[in-house]
Amino acid sequence: MAEPKFEPRIVAFLCRWCAGAGADLAGTSRLRYPPNAIPIRVNCSGRVELEWVMEAFRSGADGVFIGGCHPGDCHYVSGNYKTRRRVHLLRRMLGELGIEPERVRLEWVSATEGAKFARVMGKFVEEMRALGPRKDKAVATAGLVAVRKG
Amino acid sequence: MKKLAIDPITRLEGHGKILLYLDDRGGLAGAVLQVPELRGFESFCRGRRGEEMPQITERICGVCPEAHHLASARALDRAYGATVPAAAWIQRELFYNAYIFADHLLHLVFLGGPDLLLPADTPKANRNVLGVLQAYPKLGREIVTVRARAQRVLEIIGGRAIHPVFALPGGVARPLTADERGEIAGHTEAMVGLAKMFVPFFHEVVLPDPAYQSLLALPEAQLPTHYMGLVDETGAPHFCRGQVRAVSVHGDELFCLDEAEALERIAERSEPWTYVKFPYLKEQGWTGFEAGLESGVYRVGPLARLNVALRMATPLAQEEYERFLDFFGEKPVHATFAYHWARLVELVQAAEAAASLAAEKDLTGTHIRGKLGAPGAGVGVVEAARGTLFHRYALDEQGLVTEVDLIVATTHNAAGIGLSVKRMAEEVVRKGDLDEALLNRIEMAFRAYDPCLACATHFLPGEMPLVVEIYNAEGNLERRISR
Amino acid sequence: MQPSSLERPSLRAAGPKIGVFVCHCGKNIAGTVDVARVVEALTHYPGVVHAAPHEYMCSDPGQGVIKKAIQDHRLTGVVVAACSPSMHETTFRTAAEEAGLNPYLLEIANIREACSWVHDGPETTDKAIRITRAMVEKVKGNHPLSPIEVGHATKCLVIGGGISGIQAALDVANAGFEVLLVERSPSIGGRMAQLSETFPTLDCSQCILTPKMVEASRHPRIRLLAYSEVVEVTGYLGNYHVVIRKKPTFVDPEKCNLCGDCVAACPIRVPNEFDRGLSERAAIYVPFPQAVPSSYALDEANCLGLNPLRCSECSKVCEAKAIDYDMREELIEEDVGAIVLATGYDLYGKELMAEYGHGTVPDVIDSLEFERILSAGGPTKGEVRRPSDGKVPKEVVFIQCSGSRDPELHKSYCSKICCMYTAKHALLYRHNVHDGTAYVFYIDIRAGGKEYEEFVVRAMEDERILYLRGKVAKVFRDGDKVMVWGVDTLTGKRVEVAADLVVLAQAMVPSAGTGDVARKLRIACGGEGFLKEAHPKLRPLETLTAGIFLAGAAQGPKDIPEAVAQGSGTAAKAVAILSAPTLTHSPEVAEVNEDLCSGCAVCVPQCPYGAITPGDVAEVNELLCEGCGTCVAACPSGAMVMKNQTGPQVERMIRAALADAREEVEVAGG
Amino acid sequence: MAGKPRIAVYWTGGCGGCDVSFLELGTPLLDVLAKIEIAFWPALVDAKRTDLESLPPRSLAASLINGTLRTDENVEMARLLREKSQLVIAFGACAHLGGVPGLANLSSREEFLRRTYGNGFHPAPPPGGRAEDSPPDLLPRAKPLSEEVSVDCVLPGCPPPPELIGLVFDAFLSGDPPPAGHVFAHEKALCEECPRTREDRRLAKLVRPHELLPDPEECLLDQGMVCMGPVTRGGCGAACPKGAMPCTGCLGPTPNAGDPGLAMVSALASLVRVGEEGEAAFAAEDQVLDSLVDPLGTFYKYSLPSYVRTGKRSDG
């Protein structure tokens, strides 16, 4: 019998002013895109902690999407630049950890780019499907001190 | 066939297991020293940053991290084709002599020492540092204090007393201040003071002890092997630079070479029943576990260094060296238990050397980093307290480690230790009924080497109490003796 | 001050009682999401004590359902699964507050824009459940907060003394608040003071401007600081501290009686900026007769020298003894509650127009130069004479969109007012030179504005004004003529005019100091350098920094009525702040866990608002913090915390979002 | 039973540095030894495993265990000590987080046997010996103590600074044992006790220790060195930075830092600045970031087994 089609689980961190607003516009414009990603709204892509990206992988995510404002458009001036650098370095480490760097995607989407949001999200899901399930094992173990206090 | 398992052996740095095989008549059929663990530093050092190696490899052993730290730095000096500036050199040498002093002291009091300083019939509960402190309160206290001061010197220069952080390719991390020199000078003075106090003690208390005399004379404890050690341009033992000199069973020079070529003269063989490797002199070749002129088996460490040296580097050490040679009347000295005495001679030289280096003008010099070339391959050598230590690395263009090779003191001695243990075992077994004191004699045989099996296989050292199990021919447990 | 959320026990300690309300939004959500299943799934979710659907949550009955449940079930938190929070967050939070629940304990789970509208098929419901579950986790971690309240200064700073700034200053002052009006040049008035007449009414610019200038200078609550510049701005909404440098004019305005003897005595002559270099002025001068403040100023840069004194002719002849060479610059410090930026515009330099002769052809001038030529008080006393030889030009070519709407070579945007003032120029020229011919090259005519179209038509119907649709390819000097090569795209014919004068309707660009001021105020400039508004449509007068507003052409090309309207608009914005008893600020800001902060200061450069002060432990100024959280993500010790969005809180959301719909999610571990 | 509290100190496998550090207590050590009874401490006294085995459960007040878990025997001993002790204290970085030997997890056991002994090395008994005489097999990967037995509190460091060891005994002899999970080091990061000054928090370049003789006053991070100080607990007096060398993180991450590698990546990337931020600077910024070599070996020098299971190796 045929394998059931692999559907990647994705977490999407969307900044409230650009990517988030863009996603809303995609909604109001009734654009269709695959439902694999669960959005989590943050004020700024600069708020996204790398711990979260890893927590997503730890919790079984196949991909993590981060949406921020275009360069120069960050509502908070420069948060998106910080995120870009963090993600760049994180990707390098992911490679060494055996997680394909492509599984973390950073995209600039403005509040007016509903269509772009739907497009890039669709594309990302497609790529994650093609990439298939994660081959690596659990990424980090919660050792005695690895768990953070709330 | 019976098996005696002395598992594990104690009061040394590291896990070890002695297996004795007895034939049905109770004679010794075989004896091996097995080292049961490894950590594979050679493996995971690959891919690390070259400059991190002094700080990574020192985690091989917490008792002699200083040796790995500097051997590693030397290998990196070479790998980067760097010339180490005078000021940096003086820092390193002063640091290193303080280490040799502290480490020998550690052995004399905490590890091997109790065997000598305390009467042979001392109950096991007291055969330890506390026993020593009880027996010799004044000297004991002094030793604890001065060792602490030596450790303080390591801390000032090395950044930390244990697992120092100061050595870098081509130099050291930072210049020393005048104040620091002042403090160091005070400590080194105290070190010399202790050395002056220890020597007469040795001659009045330890040496005359018939127990020690008999050990020195014990035929089973005579092991005619070749010897290897580092000597400076004057032929005196040097702990962290110079040429590697090897002499034969008869004392003839086999070679005297820079580290890289010297390393070429050594081959290693591994036995499937132990994680320790057995180096031997290529020229003589491997003829099995045996001593003698034809065998490739050689020894390193204090006794070896005194055997390859022409003289000592400092006056007091020279005096003691002469007393040492007079006592044995021959050179090389093959008596395994002479290692302890040799250790004392070196302790004196280390203290004196440290003191004179503390006075060097350049100690506080600020030119402490040599110019680095493109990363390549390099070999570094030092004399760890317990013998010659080689580090060999190859680095890629980013300065990341691509190859690692470590030959450490106890590895050189592995065959020798095995032999000493076997012979001691023969003696003990001949004596028949095995009691704890006798078994301790077997351990004393290797303790004399102050072996560091941690270093030997870069595995996780662990000291476990002695248990001997005697199996009968069917392999059923016949008796279990524990000390 | 907000009590620290770190001190307050988490709600989870008491055991959360969360209510979940799922909106059908008619068919908008229920059409693709099985609302019943969502309610069912959430009912069994840990911490949820009540879950209910409603046809239209945002309706009064819908809100009623929430309010009732809050009271009946003593809810400690509410999740409304409905449309995007940008739609109704306030609505529902207000409702919650009315029911006695702290509004910050209510969150919106967006299952419409982010779910029901963009997906169909069964997974849609599953996704809706995940989104809602995640939001339940957030609410569990939320703490009750209340907006931060702060007092404020009651003065307003207006930067720029053009018509827009003047209007803003007057309106704020008339509302009863004190105003500092800072102008860089020796006189207020700005560009409008340079204009001849204004479209579409053709009334005299000076005549309608001067009274406002005077009013501003006489107003008891306006402190006019001409020849001054803002040096430094610190602080935040309601509490800005500003430092202003007042440059020395070396003339005491009290004593100066404007006799003008000093000018005659002054040996120096330099191009007069006010006349765009078409006339000269002395080193001691009044920019123009109606200048306000009405006093001479000695411009140090061009004077022979004050230190050591090289000339002193002016003081010799000054009977009023108004000249004081020892006058020094003054630093004025003030606390203001709001700031209006009205720094105006410049013209795109004609020297940048390679195709139009690099500004080297004397009879190729820009529109402001032509304004001066047309002005009664201008270099030619209002007669149209060309710069090169003072002859009256008979053939004048006006080129619109010079430097505008030209993404390849120049500015891509439309400068908006050129169509209008070019029509004005052409008409005024014709009034001046009855036998003269005016040519206007245009791409198309943009005359959106009251009576604007009529005005342009009037110009077009004047048979001696030839409107040629097309762009001018080349302008070059030919003897005492200026050759203009263009194409009439309507007829497709090449057009060649041997003109006496060419007037370039140069693009509008932000005035020279704009970027500098923006940096001092830490506000953003757009790509073309115009000051950036908070939202192009809904917040055109605000910047992203609360309490700083934009008026006039500094924000983008504008005509006078718009600039004036913006002046008044910003005044209203400013007054709203100045008149408020206290100001409130969102409490969802970063805060430092002082038990964990080592003072490593990694956070400090992350903050675009300078809200973090380094020290043994970092300190966040809640009022400066806009809540972006960039510092939180950067903090290596996890000592910087975002109120109601902590790292662990979001990690629980992630687990909830990813756990299988069936399985019980593990909510501990925070 | 009344009398002195009985304790055990044991290494499953550290380098011995922890025990030596214990000795560095110097004379205070003797005072401590006077107040407690050492039931089992191979490094110092000749008590044996059999003695330990004969003890009733929980009869030891505390066991300080150092070393990475590497062999079956290590695990056996850890379990034995857990059974006999009321408190188990992870003693040193290896027991705490996996330690330097934990870097071995970057390659498979097979790989490093091969690299160490050449191809075809298989452990075997000695001549005439039986199967059980062959050297014990290794665990598939190095583990921190807490992966095999429950750990009550932690004495971190490589080795733990004597002062911190002192704290343990103070806490311990004071009668009230530390709270579960307590770590005997500062809650705040190293920077708190670092004398270096932090002026301009921005990284224009990354340098390695041998590439720069750092300014004696200025923060090493500001000078471009990858210093783990900001994510690492204080308690050592910032020994390494004082010695002009960057902190490498041996005391482990601060309580809320989470994964030290991620925290460092985030902090470093946040601090990198090449001129004005913006699209124009992206390439230059990436160049700086890419100049960081061996991130795993650098960020997880002492903690790899606690935070990282690389997908590269088969995980047994």
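Going in written order, the chains are labelled A, B, C and D, and every chain counts its residues from 1.
Simple rule for what comes next: a contact is a pair of C-beta atoms (placed from the backbone, for glycine too) under 8 Å apart; a residue touches a chain by one contact, two chains touch by 3 or more.
Small disclaimer: the values here were computed from a predicted structure and weren't measured.
*Asks:* Go ahead and name the chain pair joined by the largest number of contacting C-beta pairs.
*Replies:* After tallying contacts for each pair, the winner is B-D.
*Asks:* Based only on mean CA positions, could you tell me how far chain A sits from chain B in angstrom?
*Replies:* 55
*Asks:* Where the CA atoms of chain B average out and where those of chain D average out, how many Å apart are those spots?
*Replies:* Chain centroid spacing, chain B to chain D, equals 26 Å.
*Asks:* From the C-alpha centre of chain A to that of chain D, how far is it in Å?
*Replies:* The computed centroid separation for chain A versus chain D comes out at 33 Å.
*Asks:* Using the touch rule from the top of the page, what residues of chain A touch 2 or more other chains?
*Replies:* Touching at least two other chains: 49-51, 72, 78, 82, 86, 148-149.
*Asks:* Where in chain B do residues touch at least two different other chains?
*Replies:* None at all.
*Asks:* Where in chain D do residues touch at least two different other chains?
*Replies:* 255-258, 263, 266, 270
*Asks:* Which of the chains are touching one another, listed as pairs?
*Replies:* A-C, A-D, B-D, C-D
*Asks:* Quick check: in the complex, which residue numbers of chain B touch chain D?
*Replies:* 1, 3, 10, 13-15, 19, 21, 29-30, 32, 34-44, 46-52, 55-56, 58-63, 65, 76, 80, 110, 124-125, 127-130, 133, 144-145, 148, 151, 158-163, 165-166, 168-170, 173-174, 270-275, 277, 368-369, 372, 398-400, 454, 459-467, 475, 482-483
*Asks:* Of all residues in chain D, which touch chain A in the complex?
*Replies:* For this pair, the touching residues of chain D are 90, 96-97, 144, 146-147, 151, 154, 181, 183, 252-253, 255-259, 261-263, 265-266, 268-270, 272, 277-279, 281-282, 285-286, 289-290, 292, 295-296, 299, 303, 305-312, 315.
*Asks:* Of all residues in chain D, which touch chain C in the complex?
*Replies:* Per the touch definition, chain D meets chain C at residues 187-192, 198, 201-202, 229-231, 234, 254-258, 263-264, 266-267, 270-271, 273.
*Asks:* Quick one: in the complex, what on chain D touches chain B?
*Replies:* Answer in residue numbers: 10-21, 23-24, 26-27, 30, 33, 42-51, 67-68, 70-71, 73-74, 94, 99-101, 103-104, 106-107, 111-113, 115-118, 121-130, 133-136, 138, 158-159, 208-210, 213-214, 216, 236, 239-240, 242-245, 248, 293-294, 297-298, 301.
*Asks:* Within their complex, state which residues of chain C touch chain A.
*Replies:* 10, 84-86, 110, 112-115, 117-121, 123-124, 126-127, 130-131, 134, 141, 524, 527, 544, 606, 608, 626-630, 632-634, 638, 642, 645-651, 653-655, 657-659, 669-670
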